[in-house]
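Consider the two complexes below, in which chain A is the common component and chain B and chain C are the respective partners.
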Partner chain A sequence: VALLATKLSVEYGGSFSEHTGSHTFAMSQQQQQINKTDINTSQQEQEKLLEDAKQVVKVQAFQMKRALDSNKLMEALKHASNLICELRTGLLSPKYYYELYIIVLDHLRYLEMYLGEDKHGKSLGELYELVQYAGNILPRLYLLITVGSVYVKSKKVPAKDVLHDLVEMCRGVQHPTRGLFLRNYLSEMTKDKLPDEGSEYHGAGGTVKDAVEFILSNFIEMNKLWVRLQHQAPQKDKEKREQERKELGLLIGKNLSRLSQLDGIKIEDYKLTVLPKILKQVISCKDKIAQQYLMEITIQVFSDDFHLQTLDQILKTCAQLTPEVEIKSIIVSLIDRLANYVSRSPNEVPGDIHIFDLFYENISTVVKSRSPMPLENVLALQVSLLNLSLKVYPNQHDYVDKVLGFCAEQLNQNQQSSKELSKNAIKEIFRLLRIPQDVYKNVLLVLNLENYAKVTNVLSFLDRRKISLDIVQNAIDNDTKISSGDEVEKLFSFITPLLKDETDQKETVNDTDFEEEQHLVSRLVHLVQNPNVEALYGAYIKAKSQFDLGGKRKKFTLVPLLFSGLRLAQRIHNGRLKDENWEKKIRAILKFANDCITGIKQTPNSSSLVVKLYLECGLVAGKCGIDNFAYEFLTQAYNLYEEDIADSKEKFATINYIVNVLYQVDCFNEEQRDPLVTQTVQYAAKLVKKPDQCRGLFMCTHLLWVEYNDAKPPKKIKDGKRVHDWLTRAMKVAGSVGELEGTSNLALFVEGLDRCLYYYENKNEAVTTDFVNKLIKHVKTKIEEAGSSENNSNVNLHLNNILKHIQWKRQNDARYEAITI
Partner chain B sequence: MNKVLILVLGDLHIPHRAHDIPPQFKKLLVPNKIQHIFCTGNLCTKEAYDYFRSLASDVHIVRGDFDENTSYPEDKVVTIGQFKFGLCHGHQIVPWGDYEALAMLQRKLDADILITGHTHEFKAWDYDDKFFINPGSITGAYSGLSSNVVPSFALMDIQDSRVITYHYQLIDGEVKVAKIDFSLPKKGEKK
Partner chain C sequence: MKGLFGRFGTSCNVEFKIADVEKRKTIEVQTDKATQKLYIFTEAEPIRGKILAKVSDGKKIEHQGIKVDFVGQIELFYDRGNHYEFTSLTNELAGPGELGPETTFEFDFSNAEKQYESYNGINVRLRYFLKFTIIRSLATNITKEQDIWVINFQSPPEINNSIKMEVGIEDCLHIEFEYGRSKYHLKDVIIGKIYFLLVRIKIKYMELALIKRESTGSGPNLYNESETLTKYEIMDGAPVRGESIPIRLFLGGFDLTPTYRNVHNKFSVKFYLNLVLVDEEDRRYFKQQEITLWRKNAASGIAVNAMAQPETRKKKKKTSKKSPKTEGAPDEKQSFED
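Presenting the complex of A and B:
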C-alpha cells in the first residue's frame, strides 16, 4: 500500500506526508471558508462568483475529456478532481451552488461512462482505492461515488458493501450545503442500484434491508445537515436562511420518496422499522421547517394502506412536534387522503382499525397538548374529521354529532374568554354546518344532531341568518316533507333569524333581501304535508304560533299558511262522505283562516290583499255550505271596502271580485243574498268615474242571472227584467259620459252591446230582438258621428267582430236571423 | 321554416299557494328551445319572472289578482306569425270561466287565440273559428273554483296557419301529453 501510495503521491504532485499535510490544509481551508461564509453577498456578486467557477470548470472539463480520449486516466482524474474542487466553495448560496453542481454532474457523467467502457485497463477495485487519495475530501468523495457506481454495476462486488462504504464516507463532509449536494449525488447515482426485491442486485448484492438501511442513513445525515444550515447564519438573516432551506427541502424529501418506491418493504417492516426511524429523526431534530416538510412528505409518498396501519404512530408524533409547526395541514391532508381511500375501497380497511376513534382521540390529545392552538385550526381539523365520518361511516350520525360536540365545547371556551371569532374560524364553522346539510340532503336529519344548534348559536345574527337561509333552501331543493307539529317546531327553532327580531340583531336587513328571505320562508310552508288531516292541522297551528311572533313578517308568512288551511278544508270537503265530522273540521279551519287574516291586517298597507283573502275564505265557506261563515267573510270584505279601499282602480277591482265570488256562492237564501247584491250594486253605482260605473253595472247584472245546479235543492235566479233594467241604466250612464273624455263611451256602447247579446244567447226574454236591433243601430250611429280616427279603430274592430259573430250564430240559431247587422 | 314554440302557462302562485314548479316539468323546460312565453299571471313574485327570462327572451305577462307587481297590463295582444294572440288572466271576466263571457273578451281584443287562466283547470276549445285555451296551473296550486287541481301547462307549435297544442299534465308523478290541433279558416271560408 505504501508503495502504491508513493506512486500515487508522485502522480498527484506531492508526497504522502505532504498529502496528509495538504489534507490538513484542505481542512483548514474549508474551515476558513466556513467562517467566511457570507452569503449576504449580493446577487451580482453571486453571479460573478458563479461565472468564475464555471470558467474553471469548463477549462478543466475540456482537459479531462482530452485526457480520457487519449486514455490517460490518471491525468483525467486529476482534472476531474480540479473541476470538482470548485464545489468546495462556501460562498455561493444554495441556488447558485445548484447551478454549478449540475454542470459538474454533467462532466462526471462523462467520466462515469468512460469508466464503464473498461478501456483504461485498471480494475474497478483498484480505481476504487485509487480515487481515495485525491487531495481534498470533496473531490475524493465525488470521484468515489462515481467509481463506486460503476463498480456496483459491474457486479464484481456486493452492492450493499459499496453502498455502506459510501454512505459512511460521506460523513467526512460536514458543511451543510456541500454535504447536502454530495449526498444528493450519492442518492442519484445509486437509485437504480439498490438491492430491492426484484432488482438484479438482489441476493448476492444484498437484501431490501440493506437498501433501507442505506437510504435511512443518508436521510438522517442529510436532515442533520439541513437543520444545521439554519444555525449557520447570524440572527438577522434568519428569514432569508429559512427561505433557502425550504428550497432545499426536496433534496431530503427524495430519500423518503426512494423508500416509498422500494417494492420489498412489507407493511410490517414499515410499521416496525422504517416509519419509527423516520419519525424519530423528525422529532429529534426539533426543527420546525424540517418537521413540517418531512411530515407532509411522509404522508404524501407512502401508500394509504400503510398509513391506515400506522395512524397511531403518526398522530402521536404530531403531538410531539415543536409548537411552531402547523400540524393542522398535516393531519387534514392525512384525513382527506384516507377518507378518499376508504370511500373508494371500503373493503381495504382491516376490521380492527377504528379510523374515526383513532383520529378523534388523537386530535383531542393534540389540541390539548398544543394549546393554545388557534381556534380556526382546531375547527379545520374537525371539518376534515367530519368529512371523513360522512364519507366512511355515512350511517353513523352520532359520529357527526360527536365532532360537533367537540367544536361546541371549543367554541364555548372561546366565548368565555370573550375572544371574537376570526374570519377563518367563521369560515370553518360555516363548513361544519353546511357539509352535513349537503350530504344528508334532509334538514330534519341534520337538525336531529343535538350539537348542531350549539355550534350555530355562537355565530353573529347575520351569520345565523345565512345558515337559516341555507336550511330553508336545502329543504325546498330536496323537497323535504315536514309532517308534524314537532317537526315544524324543531325546524322553526333553527331559523329564528328569519322568523322574528332577534335580541342580538344590530343591523337591519335591506328591503330586497328581506322580501326574498320571507318568500323563501313562505315556500317552506308548502312542504308541510301529511295524509292525516288532524296531524296536518296540528302542524299548521304550530307554524302559526311561530309566525305570530314575526310582526311585519306576517304579511308574507300567514298568506301561504292561510291558503294551506283552505287547501286542507277543500280536501276535507272532498272526503266528506267518509267523515261525519267534516263540517266541524272545516269550521275550525275557517276560524284559523280568519285568525290568519287578522294577523295580516295588523301589517301596514295590507288592505287590498286582506279584502281578497276575506273573499277567498267566503268562497270556500260558500262552497262548503257553511252560509253564516260565508256571510260573515263577505261582510268583512264589504267593511274593508268601505273603510280602507280608497284608490278608484282598486275599488273597481274589488267590486269585480265581490261580484264574482257572490256569483259562485250557492248556499245563501234570499234573506242573505238580497242585501249583499243590493249593496254591491250601490258600490258600483257610486263609483266616481262614469265608465267604471257603467262597467260595474254590467258586471252586477250577472248576479241576477245564475243557475246553481249543485245546490241542494238546485236553484235558479233569473230575473230577466231587472237584468234588462240594469243594462239600460248602464247604457244611460255610458251615454252621459262627457265629451271631454273623448270616444271612451263608444267602447262602452260596444261592450254593452256584447253584454246584451250574452243575455240574448241565454234566452233572457226581456232582452228582445227589437232591443238588440235598436242597440246595434244606436251604436252604429254613434260611431259614424264620431268619425273615423285612430282611437276609433279598436272600437270599429270590436263592433265588426260582434257583427261577424252574429252572422256565424245564424248557422245554428234561427233567432239570430232576426238581428239586422 | 323556423320553428316557433310558445310556452303557455300561469297561476304559479309561488309562494302563496305552492313552493315550486314540479321537478318533472322543470326538467322539460330547457333554455333556448322556446321562442316565446305567454304567462296568464299570478306568478306571484319576481323570482318566477327571472326564471321565465332564463328560458326565453320574449316573455309576455298579464296581471293576475295576486301578483305583487302591479305594473303588468290587464290584457295584451301579441301577433306571432299568422296568429293574433290575446292574453288575460281571467279573474276580471264575469262570470269566471264562462265561455260566452270569454268570447266577449276575444271579440274585444280581436284575437284569433285567446289565452286565459284563473280557474286552474286546463281547457281548450274552439268557437266561432277562434281558439280558446286555459293552460291551468303549472304548479297545481289550490283554487277555490276547482276541487281537484292537476298541474298543467301547454306548448304551442305554430306552423303557418296551423297551431298544434301539446297539453302537459302531471298525474301521479308522471307527465302525460295530449295533442290538440287548430287551424285558421282559409280566407273567405267559414267552417
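Presenting the complex of A and C:
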C-alpha cells in the first residue's frame, strides 16, 4: 500500500452549521437522519412507514402535477425531487420499498410526459444540466434518468451518449436496495431506446455494441449491489436476507433477458464479448445465490444455438462456481434444453461441436473439482447426459456406456466408503438403467453395454429384481427376439434375481408377486426364436441350464421351455424330408423334454401337471413316430397317475386327457397299444363316482373304434364288439346311479344314446337297430317318469336334438327308418 | 436670511447618464440600503457620460466649483468610515460660479484604472463609483454617487493541473480523489472521481461542499468568514473497495466570484472543495482542497458539457500491484474502528 500522502481529517458527530447556498431550485435538506439502515422492524411498523411515505408522495405528486399543469417547471421539479426523496429511506424492507417505488414511478411518468411535450421552453440539454443541481443524489439521478430518456427520445443527442452517462452516474448510489431500484428504473426507462439493430436509435444514436455495453455495465453494477445486500445484514438475519434477495433477483435477471432480446447481437459477439463478460461477473461475485440464479437465467434467456457455440465456456464456468451452488440443476437445464433443441432440429448442430464430449469432459471435471458433490446430483447430471446422448446420438451406444461407466465408478467409490445409497440416488440409478431400455426398445442392445451390469450390481436385491422385471417386461413389450444361446445367457445373467435365490436376498417376495414375476419370465421363453433349429435348440439348452437353478421357479419356467421344445420337435418332424438327421434331433429334444419334466417333478404339488406334460410329450413323440419314446412317456404318465393322483375330479380329468392322447397317437403296434388301452379302461372302471365311471367308459369306447389314415401304413381299429360291451357296461353303471339319486342319471342315458347313435352311424354292427330302439324307449320312459322340471330341461333339449338328428338322417339313410322315435 | 435659508434648502437633482447603457449588462447588487441595479464594466472600458443637474424651483446654486470623481475603494466593515481608495480620478466640470436651473455636464474617464473586480462580501466591499460634487464654501458640498460594477475577464490559465491525492486513515479508509483541474471558470463544471482503495467503515454518504472563504485585515484584525455555497451529495450508501464514484458539479448555478488573492493587501476570497464522508456513527472524514476560480469571457463561449465525465482510469488500476479482489464481495472483515 502506498504511503498515504495526506491524512483525512475526522470530525466527530455534529453537522454543518453553515447555511446552505441557494441552488437553482431548492432541494429539501432532510438529509442526516434518513439513511439509517435498520430495517428490523415489524411488519406493522413497515406498513406504517410505507403509509407515511405514500402520504408524502401523494401530496408532493399533487403539487407537482399542479405546477406542471400551470407550466411552472422549476416548481414541479422541486416537488418531483421531494417525492423521490421518499425513496431515500433505509427503513423499508425491499418488499415495501418496491411498493413505494412503483408509486413514485407512476408519478414520474407524468413528469416524463410533460417533458416530452416541449411546453416548458427549455432545451432538453439545459434540462439535463438543470436537474443535476439537485443536492441529493437519489432524486438527482431519478430526475436525470427521466430527463435523459426524454432527451434520447428527442433524438437531439446520440442515445449512446446519454445511456453511457446515466449508467456511469448511477455509480453514485452504492446503497444496495436504493441502487438496485434506481438502476432498475434506468433499465426500464431505456429499454425501448437502445441503439439495437433495427431500432430507430440505431446509427446516429450508436450501435448494438453501445447497447450491449450499457446493459452489461448496468447488469454488473446491479449484481454487485445485489450481492452486497447479503453482506450488509447481521448474521442472524441471513436467511431472511437470502429470501429477500431471491425476490430481488428478477431485477438483475431482467438485464440478461434484455440482452438476449437485442437483435443485433451475432453469435461471434455473444461468444467473444457478451457471454465472457457475464460469466466473469458471475464467477467473480462469489455469491451462491447470484451464481445459481444468473447461470440459470443465462441458460434460460439466450437461444439454443448460442448455447451450442458456447458450451465450453458455460461448463468451464460451472466448475468455478462456489461450492454451495447447486450446479446440477444448472447443467441439467442446459443439457435438457440442448437435447430438446437438437432432437427438434438435428441439422443445426455444426459438425465441429461434439456436444457429448464437451459435456462429458466438463461434467467429469466439475464432479471431481467439487467433491464431495452429493452422489445423487452426480447421478442426476449423468442421467441428463444420458438423455442427451440418446436424443442426439441415438446410434452411439458407446456414449451411453461411457455415462454408465462413469456412474459405476462413482458408485463403487461410494460403496468403498460404505455409504448407504440415498433414496434419491437410487431413483437416479433407476433412471440410468431404465432410460436406455425405454429408448432402445431392445434389451439386447442395452445388455451389450458393458457397464450396465456394473451399475445394476450396486443395487439391493429388491431393486435389482425391479430392474430385472423391467428388462423382461421390456423384452416382452417390444417382442425382442432372442436367437442364440449367447443371447439367452447374457439376458439371463441380467435377470438372475428372477431366476434363482440370491445370496444377499434378505427379503422374500410374496406369493402373488412371485407368481406374476415367474409368469413374466416364462413368457421370455417365447421370445427365443431362430429359423435355425440347432441354434434354437442350443438357446433352449442354455435357458434350461439357467432355469434349473431356480428351485421352485422351475414349475413356472420349465413348462414353457418344454412346450417350446415340443414345438421345435414338430417343426423338425415337418421338415424331416430335408433333414436326414431329423430323428436323432427329435430324440434329443424329447430327452430334453423329459429332463424338463424331471426338473418340474422336483417342485411340490406338481403331479397332475407332470402327468399332463408326459402325455403331451407322448403325443408329440407319437406324432413324430418315435413309438418307444411315446410309449415310455405314456407309461410314465400312467405310473404317476397311479401313484400321485388321488383327487377324483383330477383323476377323471386325467383319464380324459389320456384317452385323448392315446386316441391321437397312431404309431403304436398292437403289443404296445393293447395294454395301454386296457389299462385306461381299468382306470375308468375304477373311478369312484359312478357318473365319472360311466362317462370314462363312454370315452374309452373310442379307443376301440378309430382310423389312422396318416399312419404309415394307414390302419383301422374297429373292435365293434368290445365297443358294444363297454357301452352296455357304462349303461349299467348309469342305471345303478339312478337307483339312488333319481333323475341325475338321465343325462348319462341321453349321453349314452348319443354315443350309440355315433357308432350306429359309423356302422358298428354290434350296435344294432334294436339296441338303439331299446335305448330310446328306455330314455323316454325315464324322462316321463321324472316329469319335466327345471333340472332336466337340458336333458330334454339334448334328447330332442338327437331325435331331430335322426329324422334329418332319415332323408338320405334308409337305416334310420328302422329307428322308432 | 431668506435667501440664505433658501439656499440651504435648495435641493439639486442630479442624474447620471452613462453613455451606451443600452447594450450594457446589469447586475443586481444588494447594498446597505437596497438592491441596486448596476451597470457592468470591464477593466479597460471607458466610463463616459453626462450628468444632468437640476436645481429646483428655478433657483441657482452658488458654488466654488463642480467636479466628478471616479473612485475605487475598499470598505472594511470592522473599520467603518475608513475607506481605502486605491484609485481616484477627477474631471473638473466647472469653475466657481452659479449653477443654473438645469445644466448638463459631460465626463470621461477613459483611462480609469479598474484592476480589481467589484465585490460585495461579508466583511468587505470593493466598490467603484462616480461622485458628483458641487463645492460650496459656506454650505456643505452637494454630492451624488453612482456605483458601477466592475468585472474582469481573465485569460484561461496556462497551467491547469488536475488535483489528485491519495488520502486516508490507516487501515480504515483509503481513498484517492481526483478533480480534473485545479482552476475553473465560473460557469465551469467540476469533473472528478473518487476511488475507494480500502473501506473498513460503514459509510453512510459522501458529499462535496463548495466553500468560499473571505479573509480580511491582518494581524489582530484578521477576519475569516467561510460560507458553504453548496453541499452536494455525490454518493449514497457504503461502497466497497474498488468502487469509483463520479463527481460532476456544475458551478454555473451558484453565485460565484473569481478567486481574489490579497486584493490591495486588504482581503482575499478563496474557494475550496471539501470532500466529506460520513459514517454511520456520524463521524465525518473530510479533505479540503483549494480550487481557483476565474472569470472567462462570456463572449468566447461558456457552454459546458452536461455529460462530461472523468477519464476512465482503469489501466492504472491494473498495473497496481494489488491483486484484484472480488468485485462484488466486501472486504474480508469489516472493522469499524478508526
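By our rule, the second predicted complex is superposed on the first by the 777 of 821 C-alpha atoms of A that agree within 3 Å, B and C clash if a C-alpha of one lies under 4 Å from a C-alpha of the other, contacts with A are read in each partner's own complex, and residues count from 1 in each chain.
Assume a residue touches a chain if its C-beta (ideal position, glycine included) is under 8 Å from a C-beta of that chain, and two chains touch if they have at least 3 such contacts.
Given the structure is predicted, the values throughout are model-derived calculations rather than measurements.
Look at A:659: by the touch rule set out above, it reaches chain B but stays clear of chain C. In the superposition on chain A, contact of A:128 is made with chain C only, not with chain B. In the superposed pair of complexes, A:281 makes contact with chain C only, with no contact to chain B. When both complexes are overlaid on chain A, the residue A:522 reaches chain B alone and has no touch with chain C. Of the two partner chains placed by superposition, A:324 touches none, neither chain B nor chain C.
In the overlay built on the shared chain, the residue A:231 is in contact with chain C alone; chain B does not reach it. The wider contact with chain A, measured as residues touched, comes from C rather than the other of chain B and chain C.
With both structures placed on the common chain, the touch criterion links A:173 to chain C but leaves chain B unconnected.
The interface of chain A with chain B does not overlap its interface with chain C at any residue. Listed in rising order, the residues of chain A touching chain C in the complex are 1-2, 4-16, 18-24, 29, 31-32, 35-37, 88, 125, 128-129, 132-133, 135-138, 140, 161-162, 164-165, 168-169, 171-176, 178-179, 220, 223-224, 226-228, 231-232, 281, 284-287, 290. By the touch criterion stated above, chain C contacts chain A in their complex at residues 165-170, 173-175, 197-198, 204-205, 209-210, 226-240, 243-246, 248, 250, 252-255, 277, 280, 282-288, 304, 306-307, 309, 322, 326-330, 338. Across the complex, chain B meets chain A through its residues 13-20, 23, 45, 47, 65-66, 91-92, 94-96, 100-101, 103-104, 106-108, 110, 128-129, 142, 144-145, 147-148, 190. Considering their complex, residues 476, 479, 515-516, 519-520, 522-527, 559-560, 563, 566-567, 570, 573-574, 612, 616, 619-620, 623, 653, 656-657, 659-660, 663-664, 698-699, 702, 706, 750-751, 754-755, 758, 761-762, 794, 797-798, 801-802, 805, 808 of chain A touch chain B.
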